[in-house]
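You will see chain A twice below: alongside chain B first, and alongside chain C after that.
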Partner chain A sequence: MSKEKRNLIIAGVLIGAVSVALVALGNPKNMGFCIACFIRDIAGATKLHSAAVVQYVRPEIIGLVLGAWIISMATGEFKSRGGSSPMLRFIIGAFVMIGALVFLGCPFRMILRLAGGDLNALVALFGFIAGIACGCFFLSRGFSLGRYYKQNSLEGHALPAVNILLLVLLIAVPSVFAFSEKGPGSMHAAILISLAAGLIVGILAQKTRLCMVGGIRDIILVKDYTLIFGFIFIFVAALIGNLITGNFKLGFEGQPVAQTAHLWNFLGMFIVGLGSSMLGGCPLRQLILAGEGNSDSAVAVLGMFTGAAVAHNFKLVGNATENGPNTYGKVAVIAIIIILLAIAAVRTFKEEK
Partner chain B sequence: MKEIDCFGLSCPIPVVNTKKALKDNPDTLSVLVDNVAAKENVSRFGRAMSYNVSVTEIEGGWKIELKK
Partner chain C sequence: MENRTEKITVATFFNHYGAMKMKKALGPDAVLRPVPRLLSSSCGTCVFVNGKDDALKEILDNADENLEAVYTKDSEKYTNIWKVN
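Moving on to the complex of A and B:
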């Protein structure tokens, strides 16, 4: 077995274990990690949206960015770079977030939900794979968002700096934020535990290039089965952890922070699969790349942040109590798929060589 | 030796370009990359396609040489 695969297995097992531990220590069920949910919670805490049940400054996100930042500087991999279609990345980032919130989870949480026995996540996985396959159709025909260029070092440190500021404010003057008193936003592990979990996963993900989209994409594109090992072993470790802690419940109905609207779960994750393929990585990978000095990924993260606010302010999100998104959400999903396909087609077939 | 410039390209584009360049089964190919993920992925892909892979550091990145 190659060193890369071995490292991905170790990282996957550790990340799965950390995710289960976070739930045991206070995070919502099947939400040890959820990049989409957590960025959405930060958007709520900073009052970009006012959905009262999902507002909290999640230290996991801060830890992920700073973990990648610290380790990439230590190994000399940190490199300020950017300029590859930032505006398109912002919009695609926002779309990915809306898709994820229609399903109620990013690819990372999809794995954790699967490991908790939530079969709605299996439907979503099919949508996710279909979206990635669609992205690969364009990638193999020349799709690209263009080249990035070297940037001034300040550019690459900007998003990590914003995260440090968030952390300082969270600890020193938490009253400036809005915090949920009930609902998923009110459920969280202690700040330092969440931060440490984020740092650990951030370092592991940076070192192994772990990516939920990359694993499936590489199989379709070049029959490379390396990255999928991370995905599989997060699932295995979280499954075992859930069985031990009694958090495993097989079925569609009554799953934590979930809906059984199959079509919309499928299409929501189709958007995430397609959009993430266009961005070059899943939401987790965007955070890690942003920590490594990639300002294009930092812009995609800001797009996700804004997309979360849009999704809640305009009520496009999936809804566990009403079982699925409302009409606005459904229209948004269809429109986003059409726009993403249009962007992909233009960047594939009308690009100057 | 045929050379493709993948400076400034994020994964998976360098791998896709390498795959395209290897389509007519050339004996040699060199690929220029400037990020570690691309270096690892292109090297891995080259080995999977049964090429001998050697990597040398160049100004701002790496030159990956694939040889039959």
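Moving on to the complex of A and C:
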């Protein structure tokens, strides 16, 4: 077995275990980690949206960025770089977030939901794979958002600095934020535990290049099965953890923070698969790349942050009580798929080669 | 018995399509692979070229703006032999 594969297995097991532990310590069920949900919670806490049940400054997100930032500086891998279609990345980042919030989870939470027995996440997994396959269709025909360039080092440190500021404010003057008093936003582990979990997963993900999209993309594009091992072992570890802690419940109905609207779960994650393939990585990977100096990924993260606010302000998100997104959400999903396909087609077939 | 290790040359690219085009140009000696972790913390596609002494020349002859760098691989050690400005 290659060293890369072995490291991915170890990282996957540790990340799965950390995710289950976070739920035991206060996070919502099947939500030890959810990049989309947590960025959305931060957007709520900073009052970009006013959905009262999803507002909290999630230290896990801060930890992920800072973990990647610290380890990449320590190992000399921090490189300020960017300039690859920032505006398109912003928009695609926002679309990925809206797709994830229609499903009610990012690819990371999709795995954790599967490991909790939530079969709605299986439907979403098919959508996710279909979206990545669609992205690979364009990638193998010339799709690219353009090359990156070396940038001034301040550019790469900017997003980690913003995260440090968020952390300082959270600890020193939490009253500047809005916090949920009920609902998922009110459920969380202690700040330092969440921060430590984020730092650990951030370091592991930077060292192993763990990516929920990359594993499936590599299988389709180059028939390489290395990266998928991280994905598989997060699932295995979280499944075992959920069985031990009694949080495993197999079925479609009554799953935590979930809906059984199959078509919209499928299409929501189709958007995430397609958009993430175009961005070059899943939402977790965007945070990690942003931490190691990639300002293109930092822009995608800001797009996700904005997309979360848009999704809640315009009520596009999935809805557990009404079992699916409302008409606005459904129209948005269809429109986003059309726009993503149009962007992909233009950047594939209309570029000078 | 002589203990020989075959020469391997690795080319990295700014995008997947660049790697695909290079693989097509170089023929059966070239293989598409994910970029090794030792080379980069990014996760793109690269081209491994096995057993060709003039691999660098052939890569550069077929290169376009998508080529990022070229390395030689000696067991698990990679040496950079070309890099875009």
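Note that the second predicted complex is superposed on the first by the 353 of 353 C-alpha atoms of A that agree within 3 Å, B and C clash if a C-alpha of one lies under 4 Å from a C-alpha of the other, contacts with A are read in each partner's own complex, and residues count from 1 in each chain.
Methods note: contacts are C-beta pairs under 8 Å (C-beta built on N, C-alpha and C of every residue); 3 or more make two chains touch, one makes a residue touch a chain.
Nothing here was measured: the structure is a model prediction, and the numbers come from that model.
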Partner chain in contact with A:350 - chain B first, chain C second, else both or neither: neither
Touching partner for A:182 - first (chain B), second (chain C), both, neither: neither
Which of chain B and chain C A:206 touches, first, second, both or neither: second
Chain B versus chain C as contact partner of A:4, first or second or both or neither: both
A:144 touches, of chain B and chain C: first, second, both or neither? both
Contacts of A:221 with chain B and chain C, given as first, second, both or neither: both
Residues of chain A at both interfaces, chain B in one complex, chain C in the other: 4, 77, 139-140, 142, 144, 147-148, 209, 214, 218, 221-222, 224, 226, 280-281
Chain A to chain C touching residues, read off their complex: 4, 7, 72, 77, 139-144, 147-148, 206, 208-209, 211, 214, 218, 221-222, 224, 226-227, 280-281, 285, 289, 292
Chain A-touching residues of chain C, taken from the complex the two chains share: 14-17, 20, 32-34, 36-37, 41-45, 65-66, 68
Residues on chain B engaged by chain A in the complex (per definition of touch): 7-13, 15-16, 19, 35-37, 40-41, 44-45, 48, 60
Chain B-facing residues of chain A, complex: 2, 4, 77, 79, 81, 84, 139-140, 142, 144, 147-150, 209, 214, 217-218, 221-224, 226, 280-281, 294, 296
